[in-house]
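Each of the next two complexes has chain A plus one more chain, namely chain B in the first and chain C in the second.
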Partner chain A sequence: MTSKSILSLLALGLLALAGAACHNQSYAADDKSKIHVGIVFDIGGKDDRSFNAAAWAGVKCAESGKWPNGEPCGKAALNIVLRDIEPGNPTSIEPAMRAFAERGYDLIIGVGFAQAPIMEMVAKDYPNIHFAIVDGISELPNVASLIFKEHEGSYLVGMLAAETSKSGTIGFLGGMDIGLIHRFEKGYEEGAKSVNPNIRIIQNYVGVTDGAWNNPGKGKELSLAQIGKGADVIFTAAGNSGLGAFDAVEQAGKVNGRATHFVIGVDSNQNMVKPGFVLTSMVKRVDNAVYSIVEDVVNKKFQAGFHVYGLDKDGVGYSMDQFNKDLITPEMIKSAEEAKRKIIAGEIKVTDAMLK
Partner chain B sequence: MKLLRELVFPLLAVLAAFVVGGILILLIGDNPIQAYKLLIGSALSWPDGIGYTLFYATPLIFTGLAVLVAFRCGLLNIGAEGQLYVAAFATAWVGITLAQRSAWILIPLCFLAAVLAGGVWGAIPGILKARFGSHEVINTIMLNFIGIALVSYFTQYHYKVPGDPIMESSEIGQGAHIARLGHFIHGLPERIPLNLAFVLALICCVLVYLFLWRTKWGYELRATGASPTAAEYGGISIRKQIIIAMTISGSLAGMVGINEVLGYRHRYYDGFSDNYGFTGIAVALLGRNHPFGVVIAALLFGVLQRGGIYVDGFSEHVTKDIVQVLQGVIILFVAAEAFFRGQFGSFGLLKRSKV
Partner chain C sequence: MKDLFTIALFWSTIRTATPLLLAAMGGLFSERSGVINIALEGMMLAGAFTAAAVTYAAGNPFAGLAAGMAAGLLIAAIHAVVSIRYRADQVVTGTAINILMFGMPAFLSGAFFLSSGSTPQIPREHLVPWLPIVIAFGLVPTIWYVLYKTPFGLRLRSVGENPEAADAAGVPVARMRYAGVLLSGVLAGLGGAYLSIGQSSLFTRNMTSGRGFIALAALIFGKWRPVQTMLACLLFGFTEAVSYQMQGVFKFSGEDIPVQFIQMVPYVLTIIVLAGFIGHSRPPRALGMPYQKER
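== the complex of A and B ==
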């Protein structure tokens, strides 16, 4: 290739650009009559089928009244302008939040506890902008902390696990060894013990660094070890690593068409990941929490501080659908619903491991 | 005329990259003019845009200079990433351990920690190459993994605030904070993390230039890079030059720690580097292995980094990956220049640059 042909290629490219400039397709300009919402995802990105996906579903529902897959979400569209950034690495989280703030967005949502300190830095510089952090805690006057009573939901799936277990041993697989995950573990343990006080619970954590959320191989090995020690139901709270537990119970196989070992999913409804092997999922309705904070801002009723989503507001719960209806008997549902009523009424107190 | 010739290929490369990127944006279904307006407009707005662009350029100037010094000696330092991690941790370690001391003692000690730690981490592959002839590319890559894992370990088990779910060390002493430029420049808010490390980067750029082209040591270093056998014949110890070049290279990379720890986060934060060490190779290449070229290239990459976030957030379909595409195409075209001149080869770029 000669330099002449390179130059002509360049000229062609410039022509193409000029052509594009002529048909003037404009970006949705900042229409100040509408509420602007910006969401900054965690490293996992918005298609992780779990935690981030739930947050994305919530804002998408607020924008259009539909889930990201186009089905109606059963709530009203709120007439907002929605923009999202997937930072992809930890260094881009702060610039992403600041990009929304500099543009004068009304509400900036951060997904994941790791964003809390970064959000505090940004929120201090922009006291007139509303911020919301999912799973994180901040006491600034313009930050709403959206937190979940994971221990209450875990209590219910702990009951279901203990009722399903034939061996009297159940497992818990945590991701990163931090307070937030201890909350799942403690609730699960108390729920299981309320059904069978002698039940044995084996617990393992994948690791102590961020990498612990994304190590399905180790998740599987730990789960197989738990199965080896007799556990026949395993509750995962380990992000992507939890998928290893799904593989492990599938490997244990089926007898007479029924799985011998079960796994309990987390955050989103994961019952369809390995149908027949997933007892239920401890769902965390991040979508509901995110939708209502957007709604608050639209209605000018935003309140900073803690927004706690427990069983009472359907913020947490266990999932039932066509994939697990044969695994959970009506009696089990009855006892779980009974416990749910008692927890809401305050008759059963579930320990919050983060309040130690 | 010579200067013009030096500038024309990088400029063409950047232009070509924008054209290719524009075609991609068209294919995605967005408007390239609007996207570029967003990209460049957000990066050059005052004060936030310019402040952040310069802030993002700061570590790239350091790593670009680091790669350049090694390059001039005929070495490829791919280990700037590991060197800057080790240095940043060392800086934070001094800042935490001696937190009570006054700024007059603490800041010079922290500077020294950054330079020494980076220098040592760079010297190791240099010594291995000089003593045993093991290739510096392999060794620097391996030392990246070792360095990053090592400081992660220390952060996790020894220097983290107990109960903190985030992988970061505790905070350094107040005395070790260096001033943000907003403190001196009217109209630049202090929330923008652009700090004195940027000035330090510019000073380093001049120092590297003076060292390489105005001193005997710089001459020996460049002579080794240009032709090791001729240099040896001329009485220059190649082994010594390799170790010196890698040590200086590592020290320059290590100064990223000053920007990050003393000027920005005031703690060691695991994963803070957005591949600064590797982008430094691209910066050095685009900057034609000249200190002043490195500054210009780093500024361009700063613009891309700042603007990429805006394009991601505020365009309809384009994500910030477009920045990766632009960077990739720029490098491709710069590297292809040697091909156009018929000098394609592993050290074609070096061969051309006159000693």
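== the complex of A and C ==
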């Protein structure tokens, strides 16, 4: 090997180190009298304005009593030390979790279904540390599984979509083609069909790898294709890629001050992303779930097993605020609330696509 | 099938092919001068992030486009100095740049926007959906002319084929290679800028999702020639656009065609075309070989 290629390999190594250094926060300042919480995000990163952002909001609220934007979150700060890691690729998830575990953190939160098998491996090695996985399931005695009945919330936004659609065609834009996202789609479809049995639903998925969450260009192209086929409401469950659908409906424009095509946001309340074009958002209160698991650890009441958040616990729902109050009529709200009541009472059974 | 081949499909093809075309044309300049450019992906990411950040801050997409090209140029300058001046392995340097540019936007967006790898969304009136497309397709005949009909093009090709002979004839090898690599950075940066402020309205981490490598494939597929490379980019864009249109709509004996199958189509088609039509694709002879002047 020539000295030149050794030199360039060395440079490569240094660059990789420089990349890793971005996440290397100072642990020296940790106060051991406090509860330590480490959170490992999904590939989308904490600024996806959606799923990861909701988890981030939950832990920030627990740390400081404030949302990440500095506004009070309406809950008490819990006197914890919070550290977060955004893995750049799937292989850095396990070392990230182990880094927290090695430092004796009290609670390690993994965000996203893909982390469940990794968390199981790590949790087995550290039986005295509490773990929580969002969207994934594990039956280990020290892992809490925070799961959501996305199909129930999607059912309600499916109703709202069908009531809004003039064309009789609506769209669904999923991120990665996996069971969890099919759960959104199936609920949406059933909700829409409960309003209009003949409604046509076009469904697309951005991809089959984790890159599918970070491809807004492709999300927009798929949405434009759906609009071209007549869809006038599009429900996205695609992380950052879903933001492409927001651009697509905005591009379709407005007639007499009202948008001709609408998008339905997901996970976080996305109504303010493109005001007037966002019909509503299927909110998944990952923030509440994450906050309460932190609270449980602080109060020494941590329980492993399944923590299920459905319509009954307001774990999922549709968002209403000043940005969409003119788009959704009181009658629509009435029918959605009626359906919500029936779902909670068990009178309407929404199919859970993951149980098939 | 009739409603598949629509005007919408045409424009979708063009939009999908544009970032590939810009990056591939960049790669063409670099590789015809003899420098492997695996860093197209990183240059696109640099262009995409810088264009979105500057457009958001300045409220002017033209400033954003210029900044995106400048960012690509800057990254290309690193590649050029390391691989031409210091004669390092061009693949290793390119890979290092890609890794660096994967992390850099996350780092910078944290400093500027208190975010970790994305920029705020840019209002629609500050986007440039058409200009980069016009530039991309307008450039192809220009590049063809420059490459084959001007002294500059002849010299660029000669240092990529036989730098010793070019040097003996008085062509400044290093200078030509610098020009090739720097031009590739400008074009790849523009391709990235189109992704963030043309096609989308923000930068998200790693948003190129491999388009730099697909552009490289199109370049090889197009035998390192401008017109063929454009056709390759259009083919890649077309199959991608067809998969957008087909997904979730076309039924095969009552069943949905699985999304995985549709997403396979572009690559299967590529393999078929590669095997059948190309036969023999010859790279510039001195590609990847650093040149050291004999003393």
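In this section, the second predicted complex is superposed on the first by the 323 of 356 C-alpha atoms of A that agree within 3 Å, B and C clash if a C-alpha of one lies under 4 Å from a C-alpha of the other, contacts with A are read in each partner's own complex, and residues count from 1 in each chain.
Convention: contacts are C-beta pairs under 8 Å (C-beta built on N, C-alpha and C of every residue); 3 or more make two chains touch, one makes a residue touch a chain.
Bear in mind that the values here come from a model prediction, so they are computed numbers and not experimental data.
Peer 1: Using the touch definition from the top, say if A:Arg83 reaches chain B (first), chain C (second), both or neither.
Peer 2: A:Arg83 sits against chain B, while chain C stays out of touch.
Peer 1: Check whether A:Asp125 is in contact with chain B, with chain C, with both or with neither, and answer first, second, both or neither.
Peer 2: Once the two structures are laid over each other on A, A:Asp125 reaches chain B alone.
Peer 1: After lining up the shared chain so the two structures overlap, which partner does A:Asn204 touch, if you call chain B first and chain C second: first, second, both or neither?
Peer 2: second
Peer 1: Does the superposition put A:Asp47 against chain B (first), chain C (second), both, or neither?
Peer 2: second
Peer 1: Classify the contacts of A:Leu243 with the two partner chains as first (chain B alone), second (chain C alone), both, or neither.
Peer 2: The answer is second: A:Leu243 touches chain C but not chain B.
Peer 1: Common interface residues of chain A with chain B and chain C?
Peer 2: 16, 86, 88, 208
Peer 1: Under the definition above, what is the set of chain C residues touching chain A in their complex?
Peer 2: For this pair, the touching residues of chain C are 6, 8, 12, 15-16, 19, 82, 86-89, 92-93, 95-96, 99-100, 102-103, 106-107, 109-110, 115-118, 121, 124, 195, 199-202, 204-207, 209-210, 241, 244-245, 247-249, 259-260, 263, 290.
Peer 1: Report the residues of chain A in contact with chain C in the complex, numbered from low to high.
Peer 2: 4-5, 7-9, 11-12, 15-16, 18-19, 22, 45-49, 86, 88, 177, 202-205, 207-208, 211, 214-218, 220-222, 224-225, 228-229, 240, 243-244, 247, 250-251, 273
Peer 1: Over in the complex, which chain A residues touch chain B? Could you list them?
Peer 2: 3, 6, 10, 13-14, 16-17, 20-21, 24-28, 38, 83-86, 88-92, 95-96, 98-100, 102-103, 113-114, 117, 125, 176, 178-180, 208-210
Peer 1: Can you name the residues of chain B that touch chain A in the complex?
Peer 2: 12, 15-16, 19-20, 22-23, 26, 30-34, 38, 42, 48, 52, 152, 156, 163, 165-167, 189, 191, 269-274, 306, 309-310, 312-316, 319-320, 340
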